[in-house]
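These notes open a run of structures that come right after.
Two complexes, one shared chain (subunit A), two partners (subunit B, subunit C).
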Partner chain A sequence: MIFSSLTFLLLFFPITLLLYFLVPNRAKNIVLLLFSLIFYSWGEPVYIILMLYSILLNYVCGLMMDKYSDMRKHILIFGVCINLFMLGFFKYAGFLTESLNSVLGTFGISIPQRDIALPIGISFYTFQALSYLIDLYREKFPVQKNIINFALYITMFPQLIAGPIVRYESIEKELKHRIISLEKVGYGSLIFIEGLAMKVLLANQIGLVADELRALAGSLSVTSAWLSALAYFFQIYFDFAGYSTMAIGLGHILGFTFCKNFDYPYLSTSVTEFWRRWHMSLGTWFREYVYIPLGGNRVSTIKHIRNILIVWMLTGLWHGAAWNFVLWGLYYGLLLLFEKFILSKINLPKPIGWLYTTILVLIGWVLFSSENLSQCMQILSAMFGIGNVLFDTTSLYYLMTGGFMLILCAICSTPLLKWLKEKLLHFALGKLFLGCLYVVILALCILFLVVQNYNPFLYFRF
Partner chain B sequence: MKKMNSKNKTFHKIFAVLFLVLIFELALFVLIFPDREYSESEKRPLAAFPTLSLSTITDGSFMDGIEDWQADQFPFRDQLMQIKSQLNIWMGSIRSQDVYRCEDGSLMEAFQMPSEDTLKAQAEAMTGFASRYPDTSFYFCLAPTAISVLTDKLPTATLTDDQNQYIDYMQDKFSTVGKFIDVRKIFTEKKDSTELYYHTDHHWTTDGAYLAWQEIYKAMELTSEVNYTSGVVCNTFLGSLVSASGFPAQKYDSIKIYIPTEEPVYTVTYTNSQTMSASVYSMEHLSGNDPYEVFFGGNHPRLQIRTGADSTRKLLIVKDSYANCLVPFMLHDFSQITIIDARYYSDDIDMEMQSQGYTDVLFLYNANTLSEDNTLVPVLNNVAGSLNTPSEDTSTEEDTSEEATTKYTIDDIAFIGDSRTLSLSSGGRLAYQLVPSTSTYATWGGKITDDTASDNTLAAAKAGKKVGIFWFGINDVQSSDHALRDDANQFRSNYEKLIDLYRKNNPDSKIVILSILTTSVHEKDYYAKQNENIAAYNAQLKALCSEKGYTYLDITKLFTGDECFAENDYIHFSKDWYVKNFIPFIYNRFNIELSN
Partner chain C sequence: MKKVISIEIALVLLLAGIMFLLLSTKEPRMDVTVEEVQNTFSSIKGDIAIDYADALRIRSQLGINPAEHDMVVYYSSAVDAMYVYEFLLIRTDENSIDALQSTLEEHIATRLEAFRGYGESQTALLEKAIIKQYGNYICLIVADEPSTWLEAVKELLEV
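Now for the complex of A and B:
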């Protein structure tokens, strides 16, 4: 199930809220756990078993680390390995055998391949479980003895499917005691609507343009190629950030406080800054559990470089089981190294920094979104004017029909609207206006969701 | 940590109440609002609440069903679609589902150039067919559509292929075997003074057809001299492009009929339904879903017009719906006009040519329809011809005389298919128990691409029976995936793979493919569209069989109308139908003795 669907908004969400608010405080966690399990099994009716198994395993590991404290390190290693094995098997087995086969193929050997379905959210909940085990080992908090609370941490539906990756220590207290108030519901619902609009009104719409243009990969003019990159640039931001925003909003409604995951990343004036503003929870996770344990930057330069490259290749790999993701990660790893060791000596004026960052990010997304290497090369070479025209009818068409959307996306990538909102909240009429506006936006989102599967039977081809 | 700003406490509290009230009320309203069965604007049935069972949960179809049900049954869905279309237009949209919207609100369908292979195949099929009949005169009118004629109305940035390329190519190839009638010049001349095309429909107007008729008249060297006056029979016509695109129509179109000064005398016979009519017009369709069907009541596989005209010329027209409003002009020049629509036609066109003695053959298509067509080529090539298709009596056999006398028992046969097969035995909702359940290997709702289809095929093959009778298609033709549904070639190749799987595991078995029977002869466009695709599918299956030496059994004649169906669901046949038609046919064909 996804938040931006009628089933969630008009079926699951109202029922969940009703029961959640009605039951006494001590039953709220169970209710929430139950509905989170329903939420998950809605999209993954069979592999929910896997997640339940993961919960049990990590819960027991936690208890054992607490009971047998002299064996803590061994239990931790055991737990981490099993988690990584599960993640590796279900997410990466296919990729691994494919890659191995392409090498072994020259020797006439081939490993049989089985198509394994990727269970939804496994990257997210595995990383959350790992954060629990590792921080428990570091004695940052007491072991969670209540299996309901632990299961709730892993499966809570706002962040289960698409993040943000919540580290256990940040909501440990709220699992036991949190504030649920009408004020927080209002605050959270405003944020939720913002996220919903980002996904339904912005990401989904500009995504149509991105898909259509990407399909023309072999015959794009320079302008069309840049338009295609720009459309995807906005699509992925509003899709991902929209989802995280909705998660945060839902969290508030339920009484939880999640950290923000995106901080206007497209304002960044350097690649380093970009990665401090984009998918912040992932960056934090890799820093805490991979970079720092490897020594971070407190080691020799060679090792420092190695650490950065490892983290970035893993970051790329985390996003998907394919070589273009690994390359994408490596791309950023190298850019970050470049900035750290070379560019930092120069003082770039902010606008230049912004321009060069935006162009590099655009290129990065082409790498990320291409279905295969040849499509990627086609689009990139088209962007740089190799063997194509500057402008053509396709470009004109997409500028005219997509122009409005692109401008709207650009505006929404900046804090302009947020600034306007703050200003309006200062006086009564402004508050009234905002209230009505948010309702209208919610209505529009629902409208778009209802008609998105407008599916006329094309009988007219008679 | 994102801390909350307690400055706007009241605002947040009020908004919370507003938000909760809205969500709960809307959820309740949606649940209470009664479900609809059919959408007039989308011309398709709307999703109903899905069945709840362990299997539908584990395979996720229940969840998907709920999503579809929610969206399809949302209150005022059609009106919401209109609002969205208008919003799209304000945001700059000029195209939806391949239909362009001009500034004055007219809608035009974009054109896509067919592939090299299709071009070649079409040209070769037509020239090949023509060269088989050197004594007959051949004509071909490939009409342009609005997108290439009314070019000044189009928005600046229109992405469409050039129809002229296609028409030029066909003109070039066809001119070697007959006369190509090019209406482009006259259309370009008259495009500002005459309304050549409808604003909301993909057809040409009767005025446009009349202009084309005059070119055809010249080319065919016809002699009748008739004058016409035109009259409007419908001025509330909203054509197909409105529902296809979702764009709102600016104003209605009007449908005209041309009335000749001297009334022609004629009768129209509709072959498949075996009905007759005294008029080429079907006035009751004017108040139906598609008023354009006033011409001949729509499209039919074959119909024949006998006129009292003073002429020895007999005409065969192979056409699409553009011809429907043009044929009324031809009633004075031919004593017989037979009209075939390749999309529905499943007979032998060579037998047709040989038995009727046509003096003239006219191909009449519009460039858009022909570019997407995959039914004309197999009909013209007629590969299966008289080889594998059985005709009226059910005992036409292949070459070996051994085949004709081989007796089988019901246990020698494996029936592999979907619900129509499953009903034969004891599975699914309708268990007629006419054959043992060890004879059927089928799944309710099964499509050719499902895992169940290959599982069933494998199981059937492993049973080692002498004959494998395959009967798929009715679910594929309703697939929600447009691409799969409309692609007869893809259907054929999937079918081929399935049969290869069977043959791999049972190489000695005889392979039989049954033609797909229609859903209904009902007028509702949803069914009509399926039937069109079924005809295309069957043509492919026929070709597949002749290529590979399988037996293709055309069971169209077993279908006698809507009363064949059980419970009016227009898909599943009644026990009575199986007992009276299907079982005797099979038993007869395979010389099975009735044991009871």
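Now for the complex of A and C:
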């Protein structure tokens, strides 16, 4: 189930909320856990068993670390290895076998391979579980002895399948006691509607243009290729940021405060800044649990370069088990190295920095979204005019039909609307207008969901 | 020390058991082609007069846009509205499965409503219609013996 579905909006969430608010405080976590399990099993009736195992494993490891203090390190290593094994097996076994087979095939050897479906959200909940074990080992908080609270941390439906990756220490207190007020419900609802609009009114609409143009990858003109890249550039942002915003809104409604995951990344004036603003919870996770333990930047230059490349290769792999994701990760690793060691010595004017970042991020998304390297090369060569015409009737058609959406997406990817909203909130009439506007936006989203079948969710596979 | 190791072994054994259980549930093949479905259907359809539908007919008869899905193979009667035999196999993404299931259930319900009361044989066929999901596939069968057709689909998808 996804948030931007009628089943969630009109059935699951209203029932969850009703029960959640009706039961006494001590039963709220049980209700939330129960509904989180239903939410997950809606789409993954089989793989829920894996998630339940993950809960048991990490809960027991936590208790053992607390009880047997002389074996803390041993237990941590055991917990981390089992978590990584599960993630590795279900996410990467197919990719690894396929890659090995393509090499061994030349010697006539083939390893038997079977398709294993990726359990939804496994990358997210495994990273959350790992952060719990590692931070518990670092004694950042006491062990969670209540299995309901711990299970809720792993399974909580707002952030279960697409993040943000919530670290245990940030919601430890709220798992025990949280403030649930009408004000928070109202505020959370507004944030949720904003996220829903990003997903349904922007990502889904511009995604239609992106998909149609991508299907023509072999015959794109220069303009169409740039339009295709731009459409995907906005689709992935509004898709993922929309989902994160909905998760944060739902968190507020239920009394939790989740960390911000996006901060207008397309305004960045360097690639380094872009990654400080894009999927911030993932960046923080890799910094805390991989980059810093490897030595971060407090090591020799060679080791520093190694650390950056390792982190970015893993970031790429985290996004998907395919070579284009590894290349995409390394692409960013190399860009960050370039900025750290070369570009930092040059003071680029901000507009130039923005343009350079935007173009590099656009190219990055082409690499990211291509089904294979040949499709990626087709689009990139079309973008840079290698053997393609500059403009054709397809470009004209998509400029006419998708141009408005592109402009709207560009405006919505800046803080302009937030600024306007804050201005309006200063006036009583402005508040009334905003209230009505949010109701209209919600109605529009539901209308689009009713009449339009196209409702993909790009980050599902991660 | 002993207790910790024992618990760890128990956890590993439990994981092994879960993995065995999960891997013994088969996932459908994801590389089934339109031609394979057509060949399979040709071998099972017998003398039923339904033919391969193009995108326009899929849209008009089912209200489904084939461009939005990975693979759509649909057989129905192009000319005779009284002929209710149908075969449909769609491969799509996880997010569209629920919506497709509702669309197909609605399709059968509408057809049943249309025939109830006067089209006895059509009603009988529609009442035993099968809508079945296997992973990212969804299948609709309206036939005299839908389970036979379904078995062929399962064999094709390797589930």
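Throughout what follows, the second predicted complex is superposed on the first by the 453 of 462 C-alpha atoms of A that agree within 3 Å, B and C clash if a C-alpha of one lies under 4 Å from a C-alpha of the other, contacts with A are read in each partner's own complex, and residues count from 1 in each chain.
Assume contacts are C-beta pairs under 8 Å (C-beta built on N, C-alpha and C of every residue); 3 or more make two chains touch, one makes a residue touch a chain.
This is a predicted model, so every value here is computed, not measured.
> Determine, for the superposed arrangement built on subunit A, whether subunit B and subunit C clash or fit.
They clash: once the shared chain is superposed, the two partners overlap in space.
> Go through the superposed model and pick first if A:Met405 touches only subunit B, second if only subunit C, both, or neither.
A:Met405 sits against subunit B, while subunit C stays out of touch.
> Given the touch rule stated above, what does A:Val450 touch, subunit B (first), subunit C (second), both, or neither?
first
> Is A:Leu396 contacted by the first partner subunit B, the second partner subunit C, both or neither?
first
> Of the partners subunit B and subunit C, which touch A:His252 in the superposed model: first, second, both, neither?
In the superposition, A:His252 touches subunit B alone.
> After superposition on the shared chain, which partner residues are touched by A:Leu429: those of subunit B (first), subunit C (second), both, or neither?
neither
> By residue count, is subunit A touched more by subunit B or by subunit C?
B
> Using the superposition on chain A described above, determine whether A:Ser5 touches subunit B (first), subunit C (second), both, or neither.
In the superposition, A:Ser5 contacts both subunit B and subunit C.
> Return first, second, both or neither, reflecting whether A:Ile49 touches subunit B, subunit C, both chains, or no partner chain.
second
> Output check: A:Leu442 vs subunit B and subunit C. Expected answer is one of first, second, both, neither. What do you get?
After superposing on A, A:Leu442 lies in contact with subunit B but is clear of subunit C.
> Among 135-143, 315-323, 531-539 or 585-593, indicate the stretch of subunit B whose C-alpha atoms run into subunit C.
With the two structures superposed, the offending stretch of subunit B is 531-539.
> Overlap the subunit B and subunit C contact sets on subunit A and report the shared residues.
Residues 1, 5, 7, 43, 46, 453-457, 460, which sit in both footprints.
> Taking the touch rule as given, give the residues of subunit B at its contact with subunit A in the complex, in rising order.
1-4, 6-9, 11-20, 22-24, 26-27, 30, 41-44, 57-60, 63, 66-68, 70-72, 74, 77, 80-81, 83-84, 91-95, 97, 155-159, 201-202, 239-241, 243-244, 246, 298-299, 320-321, 368-369, 372, 480, 482, 486, 525-526, 528-529, 532
> Give every residue of subunit A touching subunit C within the complex, in rising order.
Interface residues on the subunit A side: 1-2, 5, 7, 43, 46-47, 49-50, 53, 56-57, 60, 64, 68, 71, 74-75, 78, 82, 85-86, 89, 114-117, 120, 453-457, 460.
> Which bits of subunit A are touching subunit B when the two form their complex?
Checking each residue of subunit A against subunit B gives 1, 5-7, 9-11, 13-14, 17-18, 42-43, 45-46, 170, 182-187, 189-190, 193, 248, 252, 257-260, 393-394, 396-397, 399-405, 425, 431, 434-435, 438-439, 442, 446-462.
> Can you list the residues on subunit C that touch subunit A in the complex?
Result: residues 1, 3-4, 7-8, 11-12, 14-15, 18-19, 21-23, 25, 27, 29-30, 64-65, 68, 93-96, 98-99, 135 of subunit C touch subunit A.
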